[in-house]
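Lettered A, B, C, D and E in written order, each chain numbered from 1.
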Amino acid sequence: MAGVAETATPTVLQRIASMPLRDPFAFVGLSIYVIFALIALLADVLAPMPPLEILFTSTGKLAANLPPSLDYPFGTTNLGRDIYAQLIHGTRSALAVGLSAAIVVSSVGTVVGLVAGYFGGRIDSLLMRIADMALSLPFLPFVIVLTGFLGASTSNIVLAVALLLWPNSARVIRSQVLTVRERTYVEAARVTGASSWRILFVHVAPNILPLSFVYAAIAIGWAIITEASVSFLGFGDSESVSWGYMLQDAFSSQALSRGQYAWFVPPGICIILIVVAGFFISRGYEEVFMPRLRGR
Amino acid sequence: MAALVELRGVVKHFPVARSLGEIVRGKRPAVRALDGVSFDVGSGDAVAIVGESGCGKTTLGRLMLKLAEPTGGSIAFDGVALGGLSGDGLRDFRRQAQLVFQNPFDALNPRFTIYRAVAEPLVNARIDKAEHKDRIEKAFRRVHLADFDRYFDKYPHQLSGGQLQRVVLARALVLAPRFLVADEPVSMLDVSVRAGILTLMREIREAMGLTAVYISHDLALVRYLCDRTLVMYLGRIVEDGPTEAIVRRPRHPYTRALVAAVPVPDADQSRIALPIKGNIPDSSEPPSGCHFRDRCPLAFARCAEEAPALREAAGGHRVACHLELA
Amino acid sequence: MKKLAIAVAAGLAALGLATTTLAQGPTEKVRKLNLYSWPQAALPQSYQAAQLIAQQWRQLGLDVEVKPLQRQAQTQLIWFSRDKWDTTMWRMVGRPERSDPDEFLYSLYHSSYAEKGYNFIGYLNKEYDALAEKQRTQLDREERRKTAFAMQEIINRDQPQAFLVHPKYALAFNKAVFKEDTVVNQSGIGIRNIWTFMNIQPLGAQKDLIINSNETINATNPLYIGGAVDSWITDLIWDRLMRIGPDGMPQPWAAEKVDWIDDKTIEIKLRAGMKWHDGQPVTIDDVIFSFEAPAGDKAPMYKPFVTDIAAMEKIGELGLRFRLKNVNTTFLTASLAKINLIPKHIWEPVLKDLAGKPETAEQLKSVPHVGSGPFKMVRWKPTEEILLDRFGDHFQAPKVERWIMRIVPNAEATLGMLKRGEINFLGMFGGDAEVLVKFSKENPDIAIKSEVDIGFEYVAFNNRRAPFNDVAFRRALSLVIDRRLMVSAAWQDYAIPANSHVSPVLSFWHDPKVDQLKTGVAEARKILQDAGYRLSGGKLYYPVGKRETLTTE
Amino acid sequence: MILEVDKLQIDYQAKDGVTRAVDGASFVVPEGRIVGLVGESGCGKTTAVRAIMGVLAENGRRAGGRIVFKGQEVDAATTKRLLWRDIAYVPQSAMSSLDPVYTVGAQIVEVLTKRGNANRRDARKRAAELFDLVGLNERRLADYPHQFSGGMRQRAAIAMALALSPSLLLADEPVTALDVIVQRQILDMLRDLQERLHLSMVLVTHDISVVAYLCDEVVVMYAGQVIESGPVREVLARPRHPYTMGLRNAFPDLMTDAMELVPIGGSPPDLRDAPPGCRFAPRCPFVLETCTTGADGHSLANGHMSACRRDGEADLLRKEALDPVTWQRSSSFAAS
Amino acid sequence: MRLVVERFTHNALALLAVTTILFFMFRLMPGTPLAAFINENLNADQQQQMLEQFGLDRPMWQQYFIYLANLLQGEMGLSFFQRRPVTTILLEVLPNSVILTLSSLVIAYVFGVLAGAWLAWKRGSWIERVAVPAVLATRAAPEFWIGMVLLSLLSFNAGWFPSGGASSPGLAYTSNWQRMLSWDYIHHLALPVLTLALYLQGLPLLLMRSNMLEVMHEEFVTMARMKGFSEWRIVIHHAARNALLPVVTAFALGVGLSMGGNVVIETVFSWPGIGRLLVQAVSVHDYPLAQGAFLMIAMVLALMNFVADLLYIVLDPRVSHGRRG
């Protein structure tokens, strides 16, 4: 197994790695990810001030609603927090939410899709009925109910997102498996005596991997938007600073009326950037790997 | 010579989606791909299975290689029933029976190098890695790809159709099998390279003493490769006999039509009118009795009531027809 | 570098600690304390205060973590499982009936409320209990006032909780629409009160008063209290025998006069000529019915307000005598100014219908909205608006034609509506007061009125468990909190410092002595030191011999 | 001559260069005859007929040459007028060339009303006639394409092509995907129609048996060029170009006794970088040095054209070509 | 017909499963409805009485079947706070949500389809190169954020639109229809619809564009060219007709999906719809109301899934007319 995987992965990785060069969309998307990842890693260096630290002016007054300055590039909130620090540290929670959701969604989706598609029959029907069920749960309401009642920890948001998003990837991966399964070389592998698991993981899965990446990239975006929406509605995890939390804070503290654009515009743009990066990448991959995959 | 592969009353049904009414009434409509097929393939023989699309010939090939399980009947390989094979027994069977595919462009995993693709059977058969190179080179020589080093590190898309089909053949031969099924091995290839593959296959079969089953719709091609031909129509064998005899003196009305329909590359050929009309009926609802009767110019009442059995006729033929056909 | 320095210091301190421990016998470090709070999204000021308080407590060597909890979880933890928490942010809101200090004086600290009631902090003090009971029987205001002062001083001494601020609520109206001096300020409540709604005078064509609420109206039911906003509406539709006046004192309303005959007897005279909204006259039988109806089990929320009534006697056409079971100074506020007058001819069949069924009047599918109040119900869409018409036959008929309340959940939209004239009376503002001030500067038609609340914000200590069962510890924790900082940094100057459960706006009842709370880190440290607590290595240790029995949850 | 194609050149623009799919192909279609256009995949035969229809892929472009229909030169603009009224097309895959969301009848009616000048009622009547003509029951006009079997779909496509009574029919591999019996039925029908309607026809195919069965003339294409053409009988019996000779050898023949199959070594050249001179030279057993340089040699005798430079020795070469050993001489034999 | 029944059963079963999950999810949530009331006046008896009122004193499985039985009669219990039947409360706001969803979807899809087809037409141009990322960005932007910005700009600052709600104060209408057709209602509807439509248009646009590009390469389109049809006819009759198929089903699915997604928009614009109701119910822990609102949204979703299946069956002859011949 291991020996086989060694030789199989490079081609997939090569394709994934060379893709950005061929697709400018994917290149931009990947660059955005890299930049945010760097910001998240270096958050403590870029913004040494803890994001929830209450700041005071030199005269001992609360440093509230300060306009952007050298000390506070985006100013401060009405409760005297450094907006810049929040934005920088928000990257961490955005990536944490996004990546963990992506990993769960794409791994569950991939495994379910592979198993359902390859083995078919009862397992397939069972898994697909479960997927149908999860798909008939309204997305945001479900997340709200779950976080509203169970508490709004980041892990609950990830759980809710994962519970509802895996069927999408599972379905598409399943249908892709169905077509790959019909490919002659899969049959050829059977003739040469390959076991089902070997066929599944050596011959079928590598064709599916790019799709998993596509769904992972989409899931990153969904999870981040969902976290932001839930935070915005006031069900967020108030112990971790996220962009959604910042927007909620700005909205309820009336940054709009105050015209504190530096407070509510940057988090919105960050969300757009990171989500659109996922779209760009998934679009790029779709174009490269399965031009006919779009639509229903 | 003893039969290597024996088929007895093989039936294969594919279920089709059921309507609610059918579910309620417990009906299970199905496409009857094979409807009671029995024959033997003698060791060292080359047998052709000929018929139009939908006649069940491809299904038959898959069943013989245990790529699908029959709904009824039995298939035995070297005296062992395929139905019961699993584990080591199955692995052993896989080493002995191989398949050559219709579409060489899709028969190799696009992510595998040629070397890895051809090594796949060796890996699956758990053959010591040290032996791989040797065996692979030998197989490549067999298929006249003597300059094998040129191919090993290439990917399938870098090769031409003829080369690919040779690699597919090499993969089939790398385990030195006894039994080979070839499903339309040249129909996807360009005309000018077909001949090369056909001659190669004949040569290999003779050199290795392989037992082979060729599946094709093309009588001309079959005639080149095989001594014996089975003609299928709607899941049943309608005629079975020496290829030359079938081509020259077809007995069954369907075989006659088939032979008459084959165009020949000769502008001076005599244009015999096709003896039959109409299309192949839906295989989930074939006619009663003889499946061919609704298109048969000679059909009579009995044909609708009783399915004709395959019985001996003159010239080493077996024919499934109620009439005594000369 | 700095971290390293701290680590070294801590190490040295630990060394020091080891030696002192050897010298003085084993002592225990005060465990980490959880300070619960609402999430910032729900109550930003309170959350901010919690953060600031935690910072100040840390200066005493305490390990404090602020833990925001959603409402449900907080209720569950603090209210329903009373021994499982250390300290939490909490608030008491002002309501007109709380203008009588009894509710806060009695319910908050009386030991009988420790199990289930408002004394969720578990403050047990016999001396206080006695005073709380005593003030209820003191019909003489001056005497009662002395008792109230004594109670406030006890609380100041014991600091069962740390009062933070009395918030100031800024409300506003459009003075281009309404005549400014017809707006009435009710002490401790502000301008959003029934007196304003009856008196406010439109200047021009706009004859509707359009007010906002950021909460949904749950119910408009004279026998059910759903939420705070609900009572604004029931107030307007249904009259009561008395009302809390702008000065915070109950004054006769539907009753022309109210007289104490003796300690346990009150006589009232109903105002003549009152009508229900359906045109029927209001009779003394309706009044009796209104007080009898909650006595059964069909209006559990109102039942407590009539349990003190022993008997009611009709005196002539319009007179009624209440005989009470106990002496009760609060009867005027808590019963006469609380019970909605409902028409017998409509409600009698309704209640009869409910008899024997599990449902109560609270669950009525269609509540008869017939009252005798200054406004009558026209239309109600719970999530959009409620619309009332003026009741012209009322003895104090309003000047505005209609009273409309719009449900606007967010502060941002509320301001937008105020600006665009979609509302003309800001009845509730959940946003930033500073924004409102700025807003009124940009929109000169908007007049802001602010008023200190009867209610207050505080940090509750769980008096049941260590270390909060120690007065010294509580005092220290309270004194270290800088109230001015709270006012400025958390409430943005829209609050005044608090140290009493009786708001300074209730100037008659408020004891000014308790305002002189001397706060500061030094003060707090001194108290702790005197009580034997020790600071070692930046951490606070219990006095010798005191053992911790709990662990942080 | 109903159609003359003269030195047609078609380019495909791809990322890695220009492919000249058709490079100076010339052939003619005499009135009332069936011309077979044969060649292997990628030889440019389909591209050539599509160019006549004025429909090339997005990256395709006519780079040169003339197309003359009934004596009139046609270009992109003028072709449009002729389409379907004068020149109609029968596709290889009738399934994908019928719009899946309309009934077959509706699609025939569409042609009749939008391109012909029929009103709807006449159009429906005519559609029924057309179905009858190709041996389909007119009830099936109300069916959708996917409800037809392969042979019926092909018949429907032919009915559609005949809708406006064109004088020239271009059929691109019309029977390739079909089983032999159905294939034969369609071929018979085409012949029958051609005779009854006096059609001229171009039949594109890779199968010389089909050409032998149906066509009057044959045009052999290789690597974008016409290498041999002439009357079918003549060309098949006495091929003059080594490629045609090779093709003849490579086919198993059901009826003859000669059982040796001889492959042509190598594969067609990459058209992005076609070799100079004769494009068959690398695979040709009779190759001379002069073959790989200079311009093509075209010689014509009795309407039989060959592009071989050794055309003079054709009879000799043909004899040699029958010997399998000859073909092993080709330099690319091993790597077929 | 067989397909229709099959799809119906699928969707109905999924809905039943959702109902079941939801029921037990809510029952297993921490806390009791009593926790919603901080009232010192509630003694133990009264609390018990309250549990009985809401039927919470019975075993869970009994509650479940009672719940299902009631549900079949359109009863979803009483709201803890409003003390009114959940069904009544929901039906009051449902029309608002439906109107908001439908009108924004219609606008989004009409625009999306046209713009998508146009972009497919403009393939390779600079317009396409700018438009596609821009459209992706609109799909990436959080709806509430767009709402915030639009509200701030167009309502608070410019004053063109009302700041929220569904109608001006105190307006009365004789019927719901009259209300919904009134200028005032449309004026209130405009900004939320605009926001939602801005978010929603991306899907049909990109879908239409890629479908068009794909269909334009289909052989039958080439054939239509060969038949000499005008380019307009090819694009409209053949390409667009085929490309629209998935878009139409996406529309039906979109109704169900965006009903759920409207939660944030309704909150930003104080729109009295079912999503805002859900948020409020969740934030005050009104279990029956939250459950009802959720279920209502889920039902719309299931219904629309079914409609999408139906549309697919009806519109695509390949599905509706089985294979024959």
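By definition in this document, contacts are C-beta pairs under 8 Å (C-beta built on N, C-alpha and C of every residue); 3 or more make two chains touch, one makes a residue touch a chain.
Quick caveat: nothing in here was measured; it's all calculated off a predicted structure.
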item: If a chain touches chain A and chain C alike, it appears here; value: E
item: Furthest chain, CA centroid comparison against chain B; value: C
item: Distance between the centres, which are taken as Cα means, of chain E and chain C, whole angstrom; value: 40
item: CA centroid of chain C to CA centroid of chain D, Å; value: 93
item: Approximate Å spacing (C-alpha centroids) for the pair chain A, chain D; value: 53
item: Mean-CA-position distance for chain C and chain B (Å); value: 89
item: Two or more partner chains touched - positions in chain B; value: 279
item: Chain A, residues touching no fewer than two other chains; value: 148-149, 234-235, 251, 256-257
item: Residue numbers of chain E (touch at least two other chains); value: 30, 148, 151-152, 156, 267, 283, 285, 325
item: Of chain B, residues touching chain A in the complex; value: 65, 67, 90-91, 94-95, 97-99, 101-103, 106-113, 116, 120-121, 123-125, 168, 171-172, 175
item: Chain C-facing residues of chain A, complex; value: 52, 54, 56, 61-62, 64-65, 78-80, 148-149, 151-152, 231, 234-236, 238-239, 248-249, 251-254, 256-258
item: Interfacial residue positions of chain A with respect to chain B in the complex; value: 4, 7-8, 11-12, 183-185, 187-195, 198, 203, 206-207
item: Partner chain D, residues of chain E touching it in the complex; value: 218-220, 222-229, 233, 237-238, 241-242, 245, 315-318, 321-325
item: Chain D - residues contacting chain B, complex; value: 40-41, 149, 151-152, 179-185, 187-188, 206-213, 232-233, 236-237, 246-256, 259, 261-265, 267-268, 334-336
